[in-house]
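Labels for the chains are A, B, C and D, by order of writing; each one numbers its residues from 1.
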Amino acid sequence: MQNKIKNIFIEGPISPSKIADAISKHQQQTEIGAHSIFLGQVRADSKDGEQVKAIEYTAYNDMALTTASKIREELFAKYELTCMHIYHSLGYVSAGEISLFVFTSSKHRKAAIDACEELVERLKKEIPIWGKEIVSETKSLWKENQ
Amino acid sequence: MQNKIKNIFIEGPISPSKIADAISKHQQQTEIGAHSIFLGQVRADSKDGEQVKAIEYTAYNDMALTTASKIREELFAKYELTCMHIYHSLGYVSAGEISLFVFTSSKHRKAAIDACEELVERLKKEIPIWGKEIVSETKSLWKENQ
Amino acid sequence: MSKIKIITFGVITDKINEKEFVVEGINDTDSLMIYLIKQYPSLIDAKMSIAVNKNIIEQNTALSENSEVALLPPFSGG
Amino acid sequence: MSKIKIITFGVITDKINEKEFVVEGINDTDSLMIYLIKQYPSLIDAKMSIAVNKNIIEQNTALSENSEVALLPPFSGG
């Protein structure tokens, strides 16, 4: 199951109710003791006095999915995980909305926490996704991760 | 605001919809770029062939709240956080249900992730809460954190 | 004589079968522990920490009228 | 002559104004980059990595019929 290529993309923002659903689905798995979740939220950063209204995400889909799948496999091999889920928005996500949702579960807390952190770092570095910060109808800027 | 003693206790399990609500409430705060969440879920561990059905939590409430408040203050001083929320169940929480919900938010991911991890470690060590694992009507065991 | 309020939690409550009680004529935490172990011998091998007025103490601490002493077994929240 | 499919993303698409196109008669990625910079001089100072058939390459790589070369500006997901 870890080896199957899974879709990670969601059109538009990730809703809090989707996050609640993902948590609910794990309540049957009573060997899980810890969940670690990371959420990326679009910031209304200031750009020369104007505020970012939204980020528009695009991706190199095929490469993104194979890379995400490879990262999944490597983290399942490295940590004692029960589950791992990755969701990223494509398209328009307004400031304040969520564009990244990463979710790891394990028996004891350390595996879930460490895997979640490493997953976020690797996603940002290795997955071909681009965010264009929309400032106004005529002004936008390509974002660069730190 | 950080110095005020806040209640952290919830009677019974923490529902996924409460978590969704907490996330939703932060969507107006457009300076936030990252949320880190930790959830503790009750495990159906095996005890001499029988399974844990639930954990019943009790606390030394006054000391728990003043200790949580002190930890909050220290973490706000140490990390560049926008928000920090702590919820812990009291009473009966069945296997598969959530008994701990910790939520940190920051502009950049590192502060939220590091603070969330440190918060979980400190809560487990420093907050006077006890879990009694309920195995059957006549059998229960006091839990000890690792 | 000063009255000291004792409160207990978790496995300690089970061991001594008292959630809350008052002792009199005891001036510090070391004397209190000697007194309690005489009363409740099963406490002798109980892992616990002691809080006086909600602060965990690391050494013998003076007690006065209305001090609240809590007997705290190892925490297991989360 | 072998046909190489080029796809572009993010700021690279904006710079050269092409999302996808085909080039012919090019045998490796170094030759391809020289060709592209001639065609689209603004690429000369563009930060990018190159993927051949969805794998990022670190050095000059041979291209063959139907290779897919992607020009990838710095990632900014999350």
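Just so we're on the same page, contacts are C-beta pairs under 8 Å (C-beta built on N, C-alpha and C of every residue); 3 or more make two chains touch, one makes a residue touch a chain.
None of these values were measured; they are calculated from a predicted model.
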Q. Common contacts of subunit A and subunit D?
A. none
Q: Starting from the Cα centroid of subunit A, hunt down the chain whose centroid lies farthest away.
A: C
(Q) Please tell me the distance, in whole Å, between the geometric centres of subunit B and subunit D computed from their C-alpha atoms. (A) 49
Q. Rounded to the nearest whole Å, what is the centre-to-centre distance of subunit A and subunit B, using the mean of the C-alpha atoms as each centre?
A. 23
Q: Could you put a whole-Å number on the gap between the CA centroids of subunit B and subunit C?
A: 27
Q. So which bits of subunit D are touching at least two other chains?
A. 78
Q | Sites on subunit B at which at least two other chains make contact | A | 40, 109, 120
Q. If you go through all the chains, which pairs of them touch?
A. A-B, A-D, B-C
Q.
So in the complex, the part of subunit A that touches subunit D is made up of which residues?
A. 40, 57-60, 62-63, 66, 88, 99-100, 120, 123-132, 142-145
(Q) Applying the document's contact rule, which stretches of subunit C touch subunit B when the two form their complex? (A) 7, 9-11, 14, 51, 54, 70, 72-78
Q: Please give the residue numbers of subunit B that touch subunit A in the complex, ascending.
A: 16-17, 19-21, 23-24, 26-44, 51, 95-98, 107-109, 113, 116-117, 120, 146
